[in-house]
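After this come two complexes, each holding subunit A, first together with subunit B and then together with subunit C.
And then the complex of A and B:
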């Protein structure tokens, strides 16, 4: 899992969610790219981060795109965040004894039956064990550091602008303590009506 | 014969006639039309499906017979035609619903499950050594995307949605009766009442709680949906389809 490096975090805010990832792609200690995308939109309201082996990032992105497209066409509707999380889990478990070296992180917004906004985050391990946290989920080479900083900085019901500051500081400071993560970061703030994407300026060492 | 090419059974038994018909499917529909009546009515707040439970002898223990079957918590089916073919399709439908649950963590929407069943039935019209299924099905289900829906699936594998319909022996009269009595905002209670009246029209013999079966979909309100699983992730799903007990059927009959 530390062949290429990289880390992802997702956090819950007030009627919004945020997902952030670093941009480094390396070959062990040698840094190759500061522009590697590992967070992808699944639908307008669901984003997925794929930290781990870079070849599996590409393959899993394509596999999930295929499965979600088939779902959308067959059911005539967009997939819900909870349903997508289960789809991720069952897809990974199919390779229980020869897994993808990825620990996906998902963030999205859904609506309750009465119409309230429900922010959603989830993560799985590399063989599909689901984790539905209520505050934040982390994965990647800097995951231990992300846990530490997030635990300190996160509080419930942060507005989108405050959530952005919180998740950005968490990401920047955590990856600065990890040799295999960093070289820039990207943050997506997802609200009910729009997604704002910002690229962070961080230490390039 | 154990030929590598399949021998006499390597081709489909359902072949086109010169007029463009699949005669085997016509015969299968005849088997359906000779079967005991069943019907379904979609109401504004639910669906009712019902069937006659006609037995050929009074010695038969009819408590074991199942005309209305539960597939998963939100979908039930009723049929007209050959009982054994229905049994096999119910098993396949149940397995299909569980396979969907294994992947997505939720039960399939009605139309998706109906499509799976219809595919199974179509494959029996285009495969070697098999005959079409001798049943038509009425599939009643609820999902959060489309609400309550009622589909009919025929031996050919074609399916379509109904607001109200009947299949089997008395279907022409029953459908005429339903056309007169149906309106778009009928309530579930009225629909059950209408279903019983419709069945009664063509009923030979006594209609009691032992000679009919009723299945009901009750549409949950948004509040109920939210209340049952507070974070929408865990918890068993509350069933929306259930079969009425004999006592409940008796109560409706006495109205």
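And then the complex of A and C:
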């Protein structure tokens, strides 16, 4: 997991979710790229972060794109966040004895039958054990640091602008303590009607 | 140990690779070409396990050419890079993986811009403005951080490349003697003297 480095976090806010990741791709201690994308849109309302071995990031992104496209074609509708989480879990468990070295993090928005907004986050380990947290989920080389800062800064029912500040400070300060994460960060704030993506200015060491 | 560098500039990608083929303490050959032209606007420098390198490079070359024969037009650099990456990603979990690291540089004739990809034997891919493989990368990358300009002319790019080569020659214990340098731009692939 520390071959390439990288970390991801997702947080829940008031009728919104946020997902953030750093941009570093390294080869052990040597930095290769400061522009490595590890968070991908799955649907308009679901985003997935893939921290871990970079080759598996690309492979899993392509595999999930295929499986979600097949789901959309067969079902005639977009996949729901919770369903997608289970899809991730089963895909990873298929390789129980030869796993992908990735710990996916998912963030999305769904609507209840009455029309209420339901924010959703989830994470799995590399063999698909699901974690449906109510507050935040973290993964990657800086995960322990992300836990620490998030526990301190997070509070329930943050508005999108406040959630952005909270998740940004969490990411920036956690990766500054980790040698294998950093070199910039990207944050996506997902609300019911739009997604705002911002690139953070952070320490480039 | 095999060293290769590459950088992008205004409408071109410059790739350089050393020309030494060695086994243990013996230099078997001093004029080995480690940069293959995969298509009219695509170059690939390879390094790694001897044997695996040429086998994989030729396999890639043939399949890229097959696509061009079947479809009358060439694969774009990003598509070729994805194909190569997928081949390596499948290889790494097979019984005998290819141990080959690559620098793939191409000029996209549809969008008129150069692209450079750093690919390693695991199937890791990164699109980058400049890149290097081998022990030489530890010296070259910092120089490229400092002196690379994304819109440099070919002459300026060659100057930057020469800095990298000079630094590796000065500081690497087993430094390569000569390098082969190739450039790909809108007019295609050609070798240049430096």
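The working rule: the second predicted complex is superposed on the first by the 205 of 205 C-alpha atoms of A that agree within 3 Å, B and C clash if a C-alpha of one lies under 4 Å from a C-alpha of the other, contacts with A are read in each partner's own complex, and residues count from 1 in each chain.
Assume contacts are C-beta pairs under 8 Å (C-beta built on N, C-alpha and C of every residue); 3 or more make two chains touch, one makes a residue touch a chain.
Here the structure is a predicted model, which is why all the values come from computation and not from measurement.
*Asks:* Counting only touches as set out at the top, which of subunit B and subunit C does A:87 meet: first, second, both, neither?
*Replies:* Touch partner of A:87: subunit B, not subunit C.
*Asks:* Looking at the overlay, does A:53 come into contact with subunit B only (first), subunit C only (second), both, or neither?
*Replies:* The answer is second: A:53 touches subunit C but not subunit B.
*Asks:* Tell me which partner A:199 touches in the superposition: subunit B (first), subunit C (second), both or neither.
*Replies:* Neither partner.
*Asks:* Does the superposition put A:32 against subunit B (first), subunit C (second), both, or neither?
*Replies:* The second partner, subunit C, only.
*Asks:* Check whether A:75 is in contact with subunit B, with subunit C, with both or with neither, and answer first, second, both or neither.
*Replies:* first
*Asks:* Is A:113 in contact with subunit B, with subunit C, with both, or with neither (first, second, both, neither)?
*Replies:* A:113 contacts subunit B only, not subunit C.
*Asks:* Is A:144 touching the first partner subunit B, the second partner subunit C, both, or neither of them?
*Replies:* A:144 contacts neither subunit B nor subunit C.
*Asks:* So which bits of subunit A does subunit B touch that subunit C touches too?
*Replies:* After superposing on chain A, no subunit A residue contacts both subunit B and subunit C.
*Asks:* Would you tell me which residues of subunit B are touching subunit A in their complex?
*Replies:* Going by the criterion above, the answer is residues 102-106, 109, 111-112, 115, 144-145, 222-223, 225-226, 231-233.
*Asks:* In the complex of these two chains, what residues of subunit A are touching subunit C?
*Replies:* Those in contact with subunit C are residues 3-4, 25, 27, 30-33, 35-36, 53-55, 58-59, 62, 98.
*Asks:* In their shared complex, at which residues does subunit A touch subunit B?
*Replies:* Contacts found on subunit A: 74-77, 82-83, 85-87, 89-90, 110, 112-115, 118, 132, 134.
*Asks:* Note which residues of subunit C are touching subunit A in the complex, please.
*Replies:* 85-86, 88-89, 92-93, 118, 120, 122-128, 131, 137-138, 141
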